[in-house]
Amino acid sequence: MSAASDVRPSGATGEIERYTFRERVMHWFTGITYLYCLATGLAFYSPHLYWLASVLGGGATSRFWHPILGVVFLMGTLWMNNFWHRDMEMTETDRRWLDRVEHYMANRDDLLPSQERFNAGQKLFYWLMLYGALLLLLTGFFLWVPEYIPRQAAWVRPLAVLLHEIAALATIGGFIIHIYMGVFFVPGSMTAITTGWVSRAWARTHHRLWYLRVTGSPPPQE
Amino acid sequence: MNPTRRSFLKGGTGAVVASVLGFDLKPAFAQAKELKIARTTETRSTCPYCSVSCGIIIHTIGDKAKNVTAQVVHVEGDPDHPINRGTLCPKGSSLMQDILNERRLLKPQVRRPGSDHWEDIGWDQAIEEIARHIKKTRDETFISTDSQGRTVNRLESIAWNGGCTDTNEFNYLAVKTMRSLGVTYLENQARV
Amino acid sequence: MSNGPLQIKAISGHAGPVPGRDASRDYDVCKLVDVTTCIGCKACEVACLEWNGYPFRETVFDNTYQTMPDLAWNYYNLIRFDEHVAEDGTLSWLMRKDQCMHCADPGCLLACPADGAIVQYSNGIVDFQQEHCIGCQYCVTGCPFNIPKFNKETKKVHKCTLCSDRVGAGLEPACIKACPTGCLHFGSKDDMKELAETRVRQLHEHSSHKNAGVYDPAGVGGTHVIYVLHDKDHPERYGGLPKDPQIPLLVRLWKGPLKWLGNIAIAAGIIGVATHYLRFGPKRAEEETKGEPK
Amino acid sequence: MTNGWIDIKNTDMMLIMGGNPAENHPCGFKWAIEAKRQRNAQMIVVDPRFTRTAAVADLFLQIRAGADIAFLGGVIHYALENQRVAKEYLVNYTNAAFLVKDGFKLPEDGLYSGFDAATQTYNKSTWNYEEAGGGKSAADAPPSLPPNVAYDAALEHPRSVYQLLKKHYSRYTPEMVERITGIPKDQFLKAADLFTSIRKDGDTRKAATIIYAVGWTQHTFGSQIIRTAAMLQLLLGNVGRAGGGVNALRGHSNIQGATDIAGVFDILPGYLKVPNPTDQNFAAWMKRITPTSAKPKEWDSWNYWSNTARFAVSLMKSMYGDAARKDNDWAFSYLPKVDREYSWAHIWDEMYQGKVKGLLAFGMNGVAIGPNSQKNIDALKKADWLVVCEIYPDETSSFWQSPGITREQMKNIPTEVYRLPGAGFAEKDGTFVNSARWLQWKWAALPPPGQARLDQEILARIFLNVRELYKKDGGKFPDPILNLSWSYTDPNNPSLSEVARELNGRALADVTDPATQQIIKAGQQLPGFAFLRDDGSTACGNWLWCGSWTEAGALMQRRGTDDPSGLGIYPNWAWSWPMNRRVMYNRASCDENGKPWDPARRQVWWNEAQKRWTGNDVPDFKADSQPKDHMGPFIMNPEGVGRLFVPLGGMADGPFPEHYEPFESPIANPLHPKQSNNPVVKKYKSDLDKFGTPEQGFTVVCTTYRLTEHYHYWTKNNPMNVQLVPEMFVEIPAELANEMGITGGEKVKVTSARGTYLAKAMVTRRIRPMTIDGKKVYQIGIPIHQGYRGIQEDEGKVPRTIANLLSPAVTDPNAYTPEFKGFLVKIEKA
């Protein structure tokens, strides 16, 4: 369990610290590097989005930084994994939650089991990004320095491109939901990941088990 | 040579890009490559290698204006030449590297007897020393008559080696000067 | 052959219309390489280098007359030397000028993501525009002939331009001009095909090469460099000329169906979440005033 | 070349042998390809290696280096046996019908009649025609050709040239050819049949060409190989015809010109024979070198050399101006008298003996060119002084720095070496003569770099300095030096256009052509050599080039691209000697009556209405000689006809070519093992002139050659050419490499009796093992372009060694060309 939760001692609202400074740095570090890779990657992906590369300093510049920031992004996710992997382990509760995810989507949270610090959706997103990043890096490596691929193994080149794109598309899917949830669907999330603090109500609503744990309250009876 | 091309590329394709973002990030799609020999000075010459004697065109910078030092920019076959019709072999095609070559000898040098190095020498001094060598050797060894007393007027101690790329006119000067010295060892690449 | 501006009919990585497409009456240009009269003299190699003015590279002896094992970013065309012994013991020494084929359906252009880095002129020349090249080398992946070569210093890819600068000014390509035996010929694609067919007929009738033929592979839509081969059934003998070159299937997949599926998926995702928001709105936390839970 | 580069396109059949034009003359070779493309011409290539020429041939035969006469003799035998000859041509245009003197003996034992073993020379008195009417010349008179030659037009007389020829080559059976050349009998017959097929069933329309280069010249019997080819072409009636001829591809841009202008010891400009000490005055010299016609009485011979005196006097006027007058015998005493050999290899031999003390080398790299380069290096160590004018640092000027010489040893090298920077080709104007005898002017494109100077300026200044010294201090026989004509506008830097005009010649007094009454005024340029006079009223540097720069201007600068006949004559492009004729002996392209053998390839013909020879080319013939006069088309021969049999002193080693083994050979001559080599070839006697035998372990036949990517010792300074072929190599048959355990790219050492050469091995299937006279023989090949100064050499990337360290200094007795092709070596891993 993360030690990084605290109850703010003062303040009428009694906010709870959801993300420590380090976690926030981790998040934004990976987030921004991902965004860069996403923007430049999309530029290479589609002629209709090539203007992104132009905005970011031109195609060649984008091509230069994209793999480097890709590696940085992966390092960020690995760093993150170091701290979060235990928080992210899927539990029996998660599975039940996932079985009823349509209630979550329909805002019938009352029909769902209570969640720990991260809910199953967040966990899935986490693992998607982690493995996605690994696959992106693996395939991306071949795209980075294809000049070293021997002629006999030329078939690796298009295969790598294909897998890279599939992996990227998968993370994009997760990413769209992530942004949607963070920015629109779950108010307070953005504050949480920027300031680190959430209201007790927010914590109780979205992560009841975590809330009870960090506030020292007994777990609820099911 | 082709003034319309660049303007076309700039105007035509740029506008398309502009339509994507509303501003023009790229001035042109195609690099406007100018023909590098469009305004060079052409000199007709002959390839110095084999005896096919391909006609070549040496392109030099500038238009022969007074303030230009000619330097080669390109060498290409002469399409008018009936034999090569503009073609060249790999040697002829690389003649520019022969003209513009950092290994060219650029100053007269002398290696003195017993020395282990070259010394620079001025042209005047070199010519004078060579002339003295020629005269000394000639005066010491000139043969006026042979063993049977017949006039032969020959010089057997100085040899001339003519090269394969010496012009006819130069060769005639060599024949004139060497034969007047009495040189019998007058030989040329033509032999070997 | 263009006298005047070369119109562009296809642009790599490009959204939107292409100005030159169907906008010109230009005919296709073509190089004919009659390998049956090639003497491997390498005049084309030198002429190309001289015209393009590229720096020299260091080469080493490799038990062959071939200048180097493969093309290089500053070496657009290379004679490939192969010794072939027929079943009856007759030796033939095959020499083939290897270079960009200027495919009608260029895999490089298809694969290239950089807007304007590869263009195809209306006369068929496929040209790399290095200032737009991003160095991703997808063109290498897309090319069935293994032609484009990467400059590690400048991170740009290069290949034969078919002397677009010369052709644009009304001249023939440098290699064509140099070729001493005339094994290289330049003209309209139609004329070159006819010339090639004539030569093939002559070989059938007056030489021992009864299986001579023209190499103009349909898999890439035909090429703007065509060969006359002694034996059309064995192009691979000539330094590995592919028998039936195709743009790699995976490249077609990624540039075609996958691209559209991906595009649709992304769009659908965005529309999906937006619709979701409109339907369900934000997920609000419990009222703060409800008091502490037990 | 009797014909020209473009003319090759007119041929139906090519025999390429002793040359590798695809590699060494690629741009000329296009016309051979053109003949294939446009005329379905067949190409036969015979070479020790499967070259890039062979790669485009219709038939390739691998021959042992130096076995060429056996091959060609075999083809002659085949042609005669199968009646594949041009009978009418043979009878009328060659000396086939001439009778040879009784007493002439064919070389069944390897020796012709008259051999003197002590001097290794022939007494050639029996090598002569029989005088008609049985006239006898005085026994002690010097042998000369009879003015009235006996002949048998039926070619049946046993002593007719034709019958002797037939007998001589009857020994060259396909079996014998196989034994000597290593070419399997069936392959030889295929080639012989193909080549002679142009005369199948009496066809006279087709034409075949023979193309060669130094692969023939550079043998101890080189001239005789070329003669064999010429004889074959005469038999087939191919000389003088479009698409025919015997075509020497000269190796360098201007060695044709250098020969024309007599840059060699034994001639003066225009192939005038040098005077020898027996010529005690001008008239005696003229008498000796001017031939008189020798022909059947009923025939006519122009014998153009009868004009020799006009050429010689005009030359003396050109050289010495007013100092050459009738009253001083045209300054005849100024000319050095030559009665022995002063050829290339002799220079180095006598320098090595300490006799040659000074050498002026202008653009000539004698050390690398060899042969036997070590001898040349050691010879230079004994010279007093050496002047090298070059554009790159070369092996000759840096001989004292050659590999193996220590600083200590340099102290003992007394030679003073001047290395002068000359001008490159692009910096000079002037003319070259190409292989097709075209004089072409080139223009200077840019000035020489740095302190480099034009070669003519360097030479002029040296000469004027010498002249000044003689003027001031006197000295031995200063007259020719002081009187040499040097009236150039800038004597220190003569304008080459002035020299070119001097070479063409001008009238010194008014000259009238007796036929046309055309008058050339004093001071005017002469329109042609018909105007040359032997009375001192004309001056001309080289009679052959007379007509190249006339009052009409510099014809060698012409750029007319019209070719109305379509035969590739281009009469208005530059200027071709003699008198702008593009195909020599072109009278022979017509039958006896003056009608072209092939109406589709009309060069010249007899115009009955005009009573003149006219045509697309300039007739190489007396324009008004009617066909019925039966004048021979070979106007430079006193016989007027082509020589199948060369009488008297024409050749040093025999009237018919005979196969002799190269000086170093893996076998004894199967024709006559006791006389294996050319009997008149002499060895040098120095300690460095060593020869190897198979018994000493030198079992591999080695030949040397150029690559298309390089040019002699020049392009190793050119980064582009170095990029194409960065390192030299030794081409080794795969079978030999297997035996020796050598793999491609491995360094090998090649050793001859004279020296060693290091390079990487190129293991190839393009040279195959051969069976020579029942013996397995390997051949290897070495490109010559390595030295010890060059881009790669200076960077230490290649061994600093020269191919000619291996080659022997033993020369052809007629042309004095060394045997660079076909000597013995051994090979081992280095």
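Should a chain be cited, it is by its letter among A, B, C and D, assigned in written order, with residues numbered from 1 in that chain.
We adopt the following convention: a residue touches a chain if its C-beta (ideal position, glycine included) is under 8 Å from a C-beta of that chain, and two chains touch if they have at least 3 such contacts.
Just so you know, these numbers come straight off a predicted model, no measurement behind them.
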item: Contact-richer chain pair [A-C vs C-D]; value: A-C
item: Middle chain, criterion being Cα centroid separation; value: B
item: Chain whose average C-alpha position is farthest from subunit C's own; value: D
item: Between subunit A and subunit C, centroid-to-centroid distance (C-alpha), Å; value: 41
item: CA centroid of subunit C to CA centroid of subunit D, Å; value: 49
item: Distance between chain centroids, defined by C-alpha means - subunit A, subunit D (Å); value: 86
item: Inter-chain centre distance, subunit A versus subunit B - centres from mean C-alpha coordinates, in Å; value: 70
item: Touching two or more other chains - residue numbers and ranges from subunit B; value: 20, 26, 84, 87-90, 92-94
item: For subunit C, residues that touch 2 or more chains besides their own; value: 14-15, 41-43, 45-46, 50, 115, 132, 180, 182
item: Interface hub residues of subunit D, defined as touching at least two other chains; value: 26-27, 30, 708-709, 719-720, 724
item: Residue ranges of subunit C in contact with subunit A within the complex; value: 13-15, 70, 113-115, 117, 132-138, 140-141, 146, 150, 152, 155, 248-251, 253-254, 258-259, 262-263, 265-266, 269-270, 273, 276-277, 280-288, 290, 292-294
item: Sites on subunit A touched by subunit C in the complex; value: 13, 43-48, 50, 53, 59-60, 62-64, 105-107, 109, 143, 146-147, 151, 154-155, 157-159, 161-162, 165-166, 169, 172-173, 176-177, 180, 184-188, 199-202, 204-206, 208, 212, 217, 220
item: Of all residues in subunit B, those that touch subunit C in their complex; value: 1-2, 4-5, 8-9, 12-13, 15-17, 19-20, 26, 29-31, 33-36, 38, 74-77, 79, 84, 86-90, 92-94, 96
item: In the complex with subunit D, residue positions of subunit C that touch it; value: 36-43, 45-46, 49-50, 56-65, 67, 83, 85, 91-95, 180-183, 199, 202, 205-208
item: In the complex with subunit C, residue positions of subunit D that touch it; value: 22-23, 26-27, 29-30, 33-34, 36-37, 40, 50, 52-56, 58, 708-709, 719-720, 722-727, 729, 744-745, 760-766
